[in-house]
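Look for subunit A in each of the two complexes below; its partner is subunit B in the first and subunit C in the second.
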Partner chain A sequence: MKNLLKHHETYVLLVIIIFSAIITVINPRFLTLENFFDVVKSYSFIGILAVGVTFVLISGGIDISFTAVATVAQYVMAVMIIRYGGNIFTAFLLAAAVGISLGLINATLIYFFNIPTIITTIATLNIYYGILIVISGGKWIYALPGWFRAFADIRLFTLCTDEGIKYGLSIITSIWILVVIIAWVILRYTKLGRGIYAMGGSMNAARRAGFNIFRTQMFVYSFTGLMAGLAGLVQALLVQTVAPNSIVGKELDVIAAVVLGGASLAGGVGTLFGTILGVTLIAIMSNGMTLMRVSSFWYNVFIGLIIILSVAFSAYQRRTKAKRAIAVEVE
Partner chain B sequence: MADLFLSMKSVSKRYTGVQALDRIDFEISKGEIHGLVGENGSGKSTLIKIISGVEQPDEGARIEIEGQAFKHYQSIDSILKGIEVIYQDLSLFPNLTVAENISLSQTIASRSRFISWRRVNDIAERAMARIGIQIPLDEMVNDLSIADQQLVAICRALTSDVKLLILDEPTTALTKKEVEALFTVIKDLQSKEITTLFVSHKLNEVLQIAERVTILRDGKKIGTFPSRDLTDERLTFLMTGEKVEYSPYEIEEPQGVPLLEVRRLSKRGNFKDINFKLFPGEILGITGLLGSGRTELAQALFGMNRAESGDILIQGRKITIRSVQEAMSQGIGYVPENRMVQGLVMQQSVANNIVITILHRLINKLKMIDRNKKKDCINSRIEELSIRTPATDAAVQTLSGGNQQRVVLAKWIGTDPKIFIMDGPTIGIDVAAKSSIHEIIRNLAIQGVGIIVISDEVSEVFHNCNRIMVMHKGRIIAEFNTSRTSEEEIQDYINMAS
Partner chain C sequence: MFNQKWLKVTLIVGFIFLLALPLFGGGGKEVKEKYEIVTVVKITGIPWFNRLEEGVKQAATDLDVNSYQLGPADADPAQQVKIVEDLISKGVDAICVVPNDAKALEPAFAKAKDKGIIILTHESPDQKGKDYDIELIDNVEFGRHHWDKLVEFMGDSGEYAIFVGSLTVPLHNLWADEGLKWAKEKYPNLKLVTKRIPCGEDQELSKRKTMELLKAYPNLKGIVGFGSLGPPGAAQALKEKGLCGKVTIVGTVIPGHAAPYLKEGCMQWGILWDPKDAGYSLTWVAKELLEGRKISDGMQVPGVGKVDLDGDVIKVDAMADITPDNVDGFGF
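On to the complex of A and B.
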């Protein structure tokens, strides 16, 4: 019990439960399986991006360019499958390859020129996105192949409401789940994953201990690129259109979700469980407000408030902890 | 002569502006305990970084380990040769658990790409058992005391098949008991043919543990001597080229209104019923073991740790100190014990670190920082404390450990406090610098500043203070007037209490 109270995650979970209770009282439709599956599906896009961002934040860096990477991956993928055909696997491979390549460019710039990651990735965001807009002319793509549409409708299992509306676990959601599991194993059970934590905790100590900083950094940024590529694909599956301007601008939403989940901008801290909770909290807020018929403008205000509360709370916890630490056995 | 474990010939290292090492020849025999001493910035840490392959020496150096010569000696070579270093800054991962920190080298060395948490815990438990300590395995290193962190770093070095263990000032934060335990470990390792290189500014410790001692001065090697041929004084002389003498600090019986008076100050779990007065011109020593409440008391006076009951009076006026700002505005200055983390912005320049506390005083009529004033102030501080830095705009992290500490002192002295609390002002500082810092403390006192020096080295408080209080378990258990006591008497008092 005491151990539970030590974890940031516990408190986020608590907030989620409280919010859910409030929303349910106002609109009971919130706490239905149907709504649940629906929300989870529509947040798999943000969720996958958040996994990538969790990795960079833990490693002690930051990546802003991931939305541009997602957009480029999505666009290239869409153009290619329309022009040359293919199937869902080629779509995956294309999005992944573009994502990884752009991530590697980020990593190379960061490692060799030793520029702060935030500046590097703000620059590459603009470059990637700028080039895409120039080449595509900002045109939207609607004419996605039939198999692409069909894949998005697959459900791993199907349930039915009383009114006869079908719902269930979408294949899109399961991509998110799969990604989370793989990422969790990497972070928790591989040398590489622990190296990411070590690097975020102290770059110098990691170097001295014999971690290969170059390789770890390459992995982190290409992994974030891969996640962005996959997220781009998932978003295309969700909305069945590819619009070059629909993703860029969402960077802060994603980073906010990850930070809410307990990851630190200073590096070295964060868990996937926390990130899932962070995404969940944001999802519930947004969905709950729709269900409660609150104007969506309030959404941003609330997210801002929650972030401030969360950060203030962590600071408070650190302070009380420090207070307890300086105890002397007084006779 | 026994077999050589390590032999280095003509090792030089130049950083921009400093010759950190100048054609050093250095040898360590197999299984010996070798001490390395020298003033701050004499090149000890640099030599260690070269032995561990973290830094490469300049052209012309020859390095042989167990008879094997290396062309490009890298950190991986040293790891494979069983060289383990515990760095001055410990090189731990604050965000990882004790178990993970201890087992990390093993994790990296293992061939498997995956982690077995069972193995991680096993390794950590075995290493701790080896030196007979117990720290909760799943505690974050960040939450440990510095002493415990030092123990974790030592445990980590013991997990591998270590042949040469290098300790760069390992005892700065350890209590006497823990130092003894560490020495037992080193002796025990020696019986297992493990060689140790030991760097410390506590010369008596070096002479106690080391069989031979190598002395560096200004990047040059002065020589290697068997420690039975050395004494504290001789070692000091070899290091500095000067004789350091102590003269006790005595002042006339102070009278009038005390600068600072503390009445029945208490805080649960920190300190209890503290009463004392501090007069202008006094240097008041507070000693006692680690964990006796010294630091907590100091922090209470500086607004970092509010007392629950009792009064604080400054020049006879009762005040409350709720924050560091309030303490500073009352003219209180504080040099913290854990300077490495509380005192400096490591990436920033020496100059900026020095003036950070007094920027408001450097502002001219145009509300801008007066550059000349700033420069003067920085230069005079650097000179006063003889800070060895290649340039005033060098980043603090490139200075040697001891010089970093002087920067912290400089920063606080600059605030012109009326009451100056120094918690361990000379931890990790060499003998010559120690006496120059003591000199500075004295001069401040003579100018009428009231000074509190907190230290666990009895000799330090004895030689510098006119009055000494001994703390134990949160209470003041004794008070001595330096001119009417001896070092031994105070030491005995502390030993008796614990």
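On to the complex of A and C.
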């Protein structure tokens, strides 16, 4: 029990539980499987982006360009499958390849020029997005192939409400779940994963400990690129419209969710479980507001309050711990 | 060593590029003699304003002016103000604006007036600091028409919701105000379930909000969507829940985008005007004013329609209904 209280995640989880209880009391339809499956499907796009951002934050860097990477990957994928045909696997490969390549460009710039990651990725965000707008002219794509539409409708299993409304575990959600599992294994059980934490803690210490900084950094940014590419594909599956301006601008929402989940902007700290909780909290706040019939005018106020509340819990806990630590030293 | 060398090379190449920039903008002198009329839209790279740009470009050739379109990358009022201010410093002849936030633009418009730059707006009839506003629809009529169509499909009683692009978009909120007044008078049994929801410029968000509304208000029978991405997002949510036709969706949409939803019956009725006409009319009016002519009742905007002058608001009626049968005939 004591051990649990040391983790930031415990406090976020606590806020989620309290908040869910309140919503459920006001509208019991919140705590239904149907709503659960709908929400996790809607948030699979943000969720996948958040996995990528978690990796970068742990490694001690930051990536702002991931929304532009997602947009470019999505657009290239859509244009190619419309022009040359293909199937869902080619769509995946295309989005992944574009994502990884753009991520590698980020990593190369960051490693060789040694510019702060935030500056580099703000610059590449503008470059990637700018080039896309120049080439595409901002044209939207609606006419996605039939198989692409059909794939988005697949459910791994289907249930039915009393009113006859069908719902279930969407294939889109399962992409998110799969991504989280793979990312979790990498972070937790591979040397590469330990290297990412070490690098975020202290670059020099990691280098002396024998971690290959170049390779680790290349991996981190290309992995974030890959996540962005997949997220772009997932977003296209969700809305069946490819609009170049629909993703860029959501960077801070995603970074906020990840930081809410306990990852530190200073690097070296963060878990995937925390990130999932962060995304969950953001998701149920938005969902819960409507379900509690709160007027949309109040959304932003509540969202701000709850972010402060959940961060304050663990900040307070950390402070008391720090105080105690000083007391011991004095003795 | 390696790093420094590359940095130098990059800097030198960049510097040379900057020096060479004026070469690309050649022929500046000839262009100067033409009127420079700039249209600033809410956001670039969306179909609505791409279509508007076609009108601006057509006016450039037809009217022999130097007219072009600019806009921020996302619908951010601050960025739009910045663009307008840059144009004022540049000293263009006229600026036509489709405002993101009417209030935010007022100081910039005052500055333009001091410099003698003509300011026209579109979709912002109550704008302060403008010379004229141009509307291709009668906004009161446009708002009411949505409610009339909503009632035609869902009946004159029941619960419904409203989507707007954001709470500061002047026209969306004006239509909503007018429609709500009309409903109070004519359809007293309609019940608005919650305040207007700002999601109409984001399809993913509109879809999500519709899903949530369906759970929060199980008796929901209709949605009026302003902002071209609201209705398609709502229609998609209905399709996913198998509720097409059970909840009525009417609103402003791009015909090409809404076509599948209208044909599947997931959306019932679209209403709008052709933004290309707006782009053309703005530039046309600007040129008339620059050449010292007055705008008067009954004047003809070539290829668009007759002017109905109401104070400093120029109305040209060009409202269009979009139905499953005519949706393919719009060409955008």
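The working rule: the second predicted complex is superposed on the first by the 316 of 331 C-alpha atoms of A that agree within 3 Å, B and C clash if a C-alpha of one lies under 4 Å from a C-alpha of the other, contacts with A are read in each partner's own complex, and residues count from 1 in each chain.
Convention: contacts are C-beta pairs under 8 Å (C-beta built on N, C-alpha and C of every residue); 3 or more make two chains touch, one makes a residue touch a chain.
Since this is a predicted model, take the numbers as computed values, not measurements.
Chemist: With the two complexes overlaid on their shared chain, look at subunit A and say whether subunit B and subunit C clash or fit.
Modeler: Superposition check on subunit A shows subunit B and subunit C fit without a clash.
Chemist: Who does A:Ile22 touch here: subunit B (first), subunit C (second), both, or neither?
Modeler: In the superposition, A:Ile22 touches no partner, neither subunit B nor subunit C.
Chemist: Is A:Ile165 contacted by the first partner subunit B, the second partner subunit C, both or neither?
Modeler: Second partner only, subunit C.
Chemist: Does subunit B (first) or subunit C (second) touch A:Leu291, or do both, or does neither?
Modeler: The second partner, subunit C, only.
Chemist: Is the number of subunit A residues in contact higher for subunit B or for subunit C?
Modeler: C
Chemist: Check whether A:Val269 is in contact with subunit B, with subunit C, with both or with neither, and answer first, second, both or neither.
Modeler: In the superposition, A:Val269 touches subunit B alone.
Chemist: Per the contact definition in the header, classify A:Ile118: touching subunit B only (first), subunit C only (second), both, or neither.
Modeler: A:Ile118 sits against neither subunit B nor subunit C.
Chemist: Would you sort A:Leu192 into first (subunit B), second (subunit C), both or neither based on which partner it touches?
Modeler: So A:Leu192 only meets subunit B here.
Chemist: Please work out whether A:Ala205 is in contact with subunit B alone, subunit C alone, both, or neither, and reply first, second, both or neither.
Modeler: Once the two structures are laid over each other on A, A:Ala205 reaches subunit B alone.
Chemist: Which value in Å is the smallest Cα separation between subunit B and subunit C when the structures are fitted on chain A?
Modeler: Checking C-alpha atoms only, subunit B sits 14 Å from subunit C at its nearest point.
Chemist: Considering only the contact definition stated at the top, list the common interface residues of subunit A for subunit B and subunit C.
Modeler: none
Chemist: Hey, which residues of subunit A end up touching subunit B in the complex?
Modeler: Per the touch definition, subunit A meets subunit B at residues 188-194, 197-198, 200-202, 204-211, 268-269, 321, 323, 325-331.
Chemist: What does subunit C use to touch subunit A in their complex?
Modeler: On the subunit C side, the touching residues are 2-3, 6-7, 43-47, 50, 73-74, 167, 193-198, 202-204, 207-209, 211-213, 215-218, 232-233, 236, 240-243, 256-257, 259-260.
Chemist: Residue numbers of subunit B touching subunit A in their complex, please.
Modeler: Interface residues on the subunit B side: 52, 54, 75-76, 79, 85, 87, 89, 91-96, 100, 104-105, 107-110, 112-115, 143, 145, 268-272, 291-293, 295-296, 299, 305, 473-475.
Chemist: In the complex of these two chains, what residues of subunit A are touching subunit C?
Modeler: 27, 29-30, 34-35, 38, 42, 45, 112-114, 129, 133, 136-140, 142, 153, 164-166, 235, 238-241, 243-246, 248-249, 286-287, 290-293, 295-297
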